[in-house]
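Labels run A, B, C, D, E and F following the written order; every chain starts at residue 1.
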Amino acid sequence: MSITPKPSITSILEQNLIMELAAKSRRVDGRSLTDYREIRIERGIIEKANGSAQVSIGKTKVMAGVKLELGEPFPDTPDEGVLTVNAEFTPIASPTFELGPPGENSIELARIVDRNLRESKAVDLKKLCITPGKKVFIVFIDINILNHDGNLIDASTYAALAALLNTKMSNFEVNDGEVIFKDGNQPLPMNNYPVPVTFAKIGRALMVDPQLQEEDIMSTRLTIGVDKDGCICAVQKGGMGELEPDDIRNAVGLAVEKSKELRTLIIGGS
Amino acid sequence: MSITPKPSITSILEQNLIMELAAKSRRVDGRSLTDYREIRIERGIIEKANGSAQVSIGKTKVMAGVKLELGEPFPDTPDEGVLTVNAEFTPIASPTFELGPPGENSIELARIVDRNLRESKAVDLKKLCITPGKKVFIVFIDINILNHDGNLIDASTYAALAALLNTKMSNFEVNDGEVIFKDGNQPLPMNNYPVPVTFAKIGRALMVDPQLQEEDIMSTRLTIGVDKDGCICAVQKGGMGELEPDDIRNAVGLAVEKSKELRTLIIGGS
Amino acid sequence: MSITPKPSITSILEQNLIMELAAKSRRVDGRSLTDYREIRIERGIIEKANGSAQVSIGKTKVMAGVKLELGEPFPDTPDEGVLTVNAEFTPIASPTFELGPPGENSIELARIVDRNLRESKAVDLKKLCITPGKKVFIVFIDINILNHDGNLIDASTYAALAALLNTKMSNFEVNDGEVIFKDGNQPLPMNNYPVPVTFAKIGRALMVDPQLQEEDIMSTRLTIGVDKDGCICAVQKGGMGELEPDDIRNAVGLAVEKSKELRTLIIGGS
Amino acid sequence: MIKGYPERLIDENGLRLDGRRPDELRPIKLEIGVLGNADGSAYIEQGKNKILVGVYGPREIHPKHAELPNRAVLRCRYRMAPFSTEERKNPAPSRREIEISKVIREALEPAVMSEYYPRTVIDIFIEALQCDGGTRCAGIVAASLALADAGIPMRDLVSSCSAGKAGGEIILDLFDLEDKYGDADMPVALMVNLNMITLLQMDGKLNPMEFEKAFTMAMEGCRKIRGLQVEALKKRYQGIVEREGTSEFDEEGT
Amino acid sequence: MIKGYPERLIDENGLRLDGRRPDELRPIKLEIGVLGNADGSAYIEQGKNKILVGVYGPREIHPKHAELPNRAVLRCRYRMAPFSTEERKNPAPSRREIEISKVIREALEPAVMSEYYPRTVIDIFIEALQCDGGTRCAGIVAASLALADAGIPMRDLVSSCSAGKAGGEIILDLFDLEDKYGDADMPVALMVNLNMITLLQMDGKLNPMEFEKAFTMAMEGCRKIRGLQVEALKKRYQGIVEREGTSEFDEEGT
Amino acid sequence: MIKGYPERLIDENGLRLDGRRPDELRPIKLEIGVLGNADGSAYIEQGKNKILVGVYGPREIHPKHAELPNRAVLRCRYRMAPFSTEERKNPAPSRREIEISKVIREALEPAVMSEYYPRTVIDIFIEALQCDGGTRCAGIVAASLALADAGIPMRDLVSSCSAGKAGGEIILDLFDLEDKYGDADMPVALMVNLNMITLLQMDGKLNPMEFEKAFTMAMEGCRKIRGLQVEALKKRYQGIVEREGTSEFDEEGT
C-alpha cells in the first residue's frame, strides 16, 4: 500500500527562496545546477565484512558492507551467483525515519541500487558459481543510511559499488562439490561500473544531487544510471510530479557526461 | 483473537423490510427461501494457471486458480499429494475489506473450502505421490474474492471445485525419483464433487444463498456440504446467533436435495 | 525498541506501606527479607510432553514443557544438541499482559532461563548428538506463565529445570545415520542444576522473591544464578534503578547460600 | 516419534480403544476459580485434555474505537501450548487456532448478556495445555464456567460435546485417535435450557440418518455435561458461602 | 515447469515471437464499471495480461492522523494474484509489488485533482489476475479509467506503455519473454494532452540514441492507448445515458 | 568461513591473544557530534568495535498515549548492522538485540533527568557497525556522550566496561574470541561519581572470589573509561567554544 506522504517540513520562507533561486538557475548553497556537493569515499572500514565503503555527499552519509556466503542459485539462473541488496533507513539518519520493517522508500532505494548493478552486469556472477544448480556464492550488499541530507540513491549506489570494488574473497578450490578455502585473497570479479546521476526538478529547473531541502520541495526526482560504456542501464522517476519529455532528454545527456568524472572518483582509490 | 464485529451498515428501514418479508417467507429480490440467485461459471480464464474458474452468484464474484508444484508430503501422509487452500478478501471486493494479512473471516472461508474438498476426498491425492515421503504434487488453490454481495462460502467452494475440474497437469514419467515432463496433458484425478449449501436464519426463516443485505442482518449462518453420494461432508455454523435443532435437520434435508442440481451446474461444462 | 514502561498500578497507600515496612526490613505478607513464599512443584503433568513441571511460588504459577525433536546442530557446535527456550506471557496470567508476539519482557525472561541452563551446562548436549554436523536432538523448553504474582524469573527457571529432570527420552539406536527408536525410556543426560535467586531493591532494603506489589515499586531487580558447585553462572540486573556495589556483593553471598535449599527442593521429588 | 495407525477403533465387544462404550463420555473434572488474577477462571480435564480458561472484564477496551455503543465486545483467543500436542506446536498462531477462536466466540455470544455492559470488553482466554481431541468443546464448557465465575450474567450455560463416527459406529466425545482415524467428527454446543444450538461443525462423511443419530447423541452429551457444570458451580458457590461465613465481619456483604 | 529460453526474439521477417511488428501493440480490451461495490472500476486485457482495478473514494480515512488538510490522500496497492504467474506467487507482498505500488501512485498523483477533496482518501486497488509483461503500464491505464468511473476529476487521463529492446530491435509493448530475455525495458506513462511524463523507469542497456528511439516509441504507444481509453469511456458513458434514458422517472437527474 | 578455535587465550607471558595484559583496556577512540541530523551523537571505536549513537529529543511522542505525565519516556534501540559480524546478521531484530536494547535503556534511565521533560520522548539509537565483544558496554559509553551532546541533563555520566575470565585469568574488556571461548563475561555500567551500578549481567562460571575480583576490575575499567569520556566532552566543548568565538555576531548567545 503506497500512500501520499506528508508534505515537506521545510519552512515556507526557505521554500520560496529555493524556488526563486531555481528560477535563476541558482541554489541555496551556491552550487550550479550541475555541481555535486563534495564527495568523500572511505574504503575497507569494516574489517569483518568482505568489502565495505562509506560515502559522503555533503552531509549525506551512507555505509555499504558486502558479505559473501555460500548458498543456492535461483532456479532460472542455475549457473550464476546471487546478488542481493538490502537498504535500511536507520533512525539515527533523520528525525523522520521510523523504526520497523523496510518501508516503500527503502525498498525502492534498494531496488534501484540493485538494478544499476544487475542490469549493467557489474559483478561477474558466472564466476561465482561453484556447482551449477546447487551451490554458488551469494553476495549480500547491505546499505545503512547514517545521515540523510538528500540524494540517497546516488550515495547508496556509489557506496555499494565502492564496497564491491573493495571486496576480497578467500582463494578456494572446489573438491567434489565442497569448497575448500585456502590462504590468500582475490578481488571480486567485476565487469562494469554503473554510476547513477540523480536530478531534482524545482520549478522548471533540473539540478543534480539535490540536498534535503531541495528534495523536500522538488516536484519530481529523476535518476539516470550510466554504465562504463556510456549506455543507460537504469532509470527511475520518483516523486508526485511530472516531467516534460525534454527534461528527460536533457537529463540523459547530462548524466552520460557527468557519470564519467564520478566513475573515476568511485573507482579511484580502489 | 476473535472479536465481536461492528454491526451491519444496512439501514434500519431496509432491515425492517427484510425481517418483515422473512416472516412471510419472502425476500427483497423476490426469490423464494430456497432459490439461489443466478449462477454463472467461466472456466479456464487464467491460462498461466493449471486450472481456473470464475463463479458469479448474483453480484458476488469469485475467482479460483489452481497451481501444481512439486514438493514434500506431510509426515503423517507420506504417500499423498498435498492440497492447500488460500483465500484473499481483495479490497476491491467490498468497502469493508481491509488490507493486511488474512483475517479470521478469510481464514475461516479457506478452511471451509478446504474441509469440503478434503473430507469428501475430492482430489485423489494418492495419485499425486511421486516418491513416498519425499516428493509429491502440491495442489495450491488460491481464491480471490472480486466482488462481495453475500454467500462467499458457496461461491468460493464452487469456484475451487470448478477450477479443479478444469485443471490440466502435464504428462510425466518418474525416472529414478526425478519427474520428467512430457508432451500432452491429463486432467487432475478427481474422486468426488462436494457442494455446500449455505443458509441464513432471519427471524424464524431459513433461506438459502443470502445476499449481502441478508447476511448483514441474519442472526446465524449455516453451511451444509454434501458429497456426490448425498452424504454430509462438512458443516459450519457461523454468526453470533443460535439455531433450533430442527433448523439444522431442515437444512440438512434441503441441502441434500439442493446440492444435486448445483452439482450438475458446476460439473456441467467441464 | 525498548521503551520506559507505564508506572505501577499499585496504589500510593500500598506503596507507602511497602516502603515503610522495607525501611524496617519487613514485608507486607510478614516474610523476612530472605524468605521465599511457599514453593510447590508438580512434575509430569503433561503426558504428551517429554517432560513437564508446574511451579507455584505463592500465587505465581508457571508451567514448563519439554519436547525433543530431531534437527540440525548449530554450525559452530556441530557435535552438540540444541537447547532452545521460549516463554509466553499468556494473557490469562495478568490483566496487563497483552496479546501478540513476545515482547521484551518475555524475551528477557526466556534468555535468562536459557543462560542459567546453558552457562552451567545443565543439559549434557554432547550426548544429544546423533551425527556430528547433521543430526542432533533439539530440546525445546516452552514456558507458559499461568498466573503472575511476581518473581517470574525464579519460577520459570525452577519450572524449566524441574521439567528437564522429569524428561524421558525414548531409547534409540543409530543405524547408518538413521535414528531407530526402541522400547523403554531413559532420562535426559544432566550435568548441573542452576538455581537463580532474585532480589528486589526497595528503599535501601534488598529482599528475595518479590511478589507483584513489591515488583511494582522496586527500583531494581537483581538475579544471581548459582550452579551446583556454588559458582555464579548467570546474573541479570533489571529495572530502571541503580544498585550500590555492596548490594551486589551481599546478593551474591546470600544467593550462594539460599540456592542450596532451593536446589534440594527442585531436584527433590525427581 | 509418530505413533502407529490403530488396527481397529471399535473392538469385538463394541468398546473403544480407551474402553468406553459408544455413547460414553470421557472422565471429566471441572474446577472453578483456579487463577489468582483473572476475574473468572475455570479448568477442565476431559480424558487427556487439560484446558485452562481465564476471563477478564467487563473492562475498558483499547483501542477505544473498537468499543460498541450498545453492548460489550467479546474477545476470544483459543491457543494451544507448544507442548500440548504429539509434535511440538509452533508458538505463532495457526490458522486452526484462529478459526477455533472465532467459532468459540460465536458459540458464547448468544449466551452472554453483553447488552448490560456497553462500551466494554469481555476477554476470554483459553489455554489448551494438553490436547487430545474435542478441545474446542471442552474449551466452551470451561469458558462458560469462567464467565459465570466472573459474575457475567448469561441467558443459559453453554454446554458442548462432540459426536462422530469411527469403526462404523456413531460415538460420543471422540478422543484424538478417533478424530484422526475415524470417519466423522461433529462438535456441538447447546444451551440446554433454551434448547438452542450455538456451535455446529462437522467434517468427515455421514449419511443423513447417521448425521441425525450423531447430532442427537451430541446434544445428549451436552445435557450430561451441563449436569457436571451445574455441580461444579454449586461446589464453588458453596465453597464461597462457607468461606464467607467464617469471616469475622462483613457488613456490606460483598 | 520452466519454459525454455527462446532461440531468437525477432525472426527473419522482423516479426516478434507473437507475430507483432516492432512498433505494434498487443490486442487491448478495456471495460469500465465491471465491479458491483467499488465506486469506480475497470478491467484491461493486454495480450495475456488481465488486470482488474477498483477505486473507492473519496472517503473517510483511518487512521485519522493520515489525512491531509489541503488534499485527498491517494493510496495505491498493486498486487499479483498467486495464480497470475508461471510459478505460483507467494501471497505475502513482495518488494516488487511494493515498489510498483509506489510508482503507480506517483504516476497518477499529477493527474488526480486531489485538492477538491481535503481530509479524504482515494483508494486504488490493482489486482493483476494474469501477468505477461508490462502490467504496471496496463494497471495505470485501467486505474485511470476506474478513477474516471468513480467521478474523480482529473487534469488529464494517464496513458501508459512500455518500449524496449530485444533481438537488437527497439520494440513497443514488451510481453513477458521479451522482458525476460530482451535487452531493455522502459515503462512510460504520459498525460497526452498535457504532454507530461508521470512514470519513467528503465532497466537493461541502451545507448543514448536507442534510449531516445525507445522513449519516443513509448510515448507514441501512450497516444494510441489514450485513443482506446477515450473510446472505452465514450462507450461506457453512452451506455449510462441510454440506460438512464430508459428509466421511467428520474426527477433529480442524478 | 569460520575461524578456528584458539589454542590458548593467555600466553606464557600472561598476555592475551591481542597482546594485552589481563587488566588492560583495548584502545578506545571517542568522537562527539559526528552526525548532522541527530540532536546529539557520538562514535566509539574500542578495539574492532565501531558503534554510532544518535539521540533525538526531547521531542513529541507518537502514539500520544505512550507519553508519561511526569517524565520523558526513554526509547532505546540497539541494532547490529548485517555486515557487523563474522557471519552476516539477518536484518530482522533478533532476541539478542531486543534484550540488549532493554538493558541499555535500563542502564541509562537512572542517569537521565527525565523529569525535566514530561510528555516527551528521548530516542537513543545505537548502531553497531562492527562487533567484536563488549558492544553493549561500548554502546552505553557512546550513548552517554550522545545524550550529553543533545544537551540532556544527567545526574552523572554512565561509564561501562566488562570483565570476565579466560584461560584461568580474570581479565578486563573481553573481545570477541575471549567472550566466545572464555569462561565468563560480566558487563557492568557504573555512574562513577555516584558510585552506583546501572548495568550488571554475567554468564559463564565464576566462584564467588573470582566474581568479586572481576566485578572490582570491571568497575576500575569504568573509572578509566570515564576519564576518556570527560576528555572527549572537553575536546568537543572546547571545539564549540572556539568555533563560536570565531563567529562574527552572536547576540543571543545560543
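Here is the rule we use: contacts are C-beta pairs under 8 Å (C-beta built on N, C-alpha and C of every residue); 3 or more make two chains touch, one makes a residue touch a chain.
Values in this document were obtained by computation on a predicted structure and should not be read as measured data.
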Among the remaining chains, which ones contact both subunit B and subunit F?
none
Steps needed, at minimum, to get from subunit B to subunit C via touching chains?
2
Intersection of contact sets, subunit A vs subunit E, gives none
Sort out for me whether A-F or C-F is joined by the greater number of C-beta contact pairs.
C-F
Far-end chain from subunit F, centres as C-alpha averages
B
Farthest from subunit E in C-alpha centre terms, which chain would that be?
C
Quick one: subunit D and subunit F, Cα centre-to-centre, how many Å?
52
Cα-centroid distance, subunit C relative to subunit D, in whole angstrom:
31
What is the distance, in whole Å, between the centres of subunit B and subunit D, each centre taken as the mean of its C-alpha atoms?
28
Touching at least two other chains at once: which residues of subunit C meet that condition?
1, 99
List, in ascending order, every residue of subunit D touching at least 2 other chains.
77
Can you give me the ring order of the chains, beginning with subunit B and going next to subunit D?
B, D, C, F, A, E
Subunit E-touching residues of subunit A, taken from the complex the two chains share:
1-4, 6-7, 75-76, 104, 107-108, 110-111, 115, 118-120, 222, 227, 229-245, 247-249, 252-253, 256
Can you list the residues on subunit E that touch subunit A in the complex?
2, 66, 68, 71, 73-77, 95-96, 98-99, 101-106, 109-110, 114, 186, 191, 194-208, 211-212, 215, 219
Using the touch rule from the top, collect the residues of subunit E that touch subunit B in their complex.
1, 35-38, 41, 48, 50, 52-54, 56, 59, 77, 79, 81-88, 91-92, 123, 125, 127, 129-132
Going by the contact rule at the top, pick out the subunit A residues touching subunit F in the complex.
45-49, 52, 59, 61, 63, 65-69, 86, 88, 90-95, 99, 101, 140, 142, 144, 146-149, 170, 181
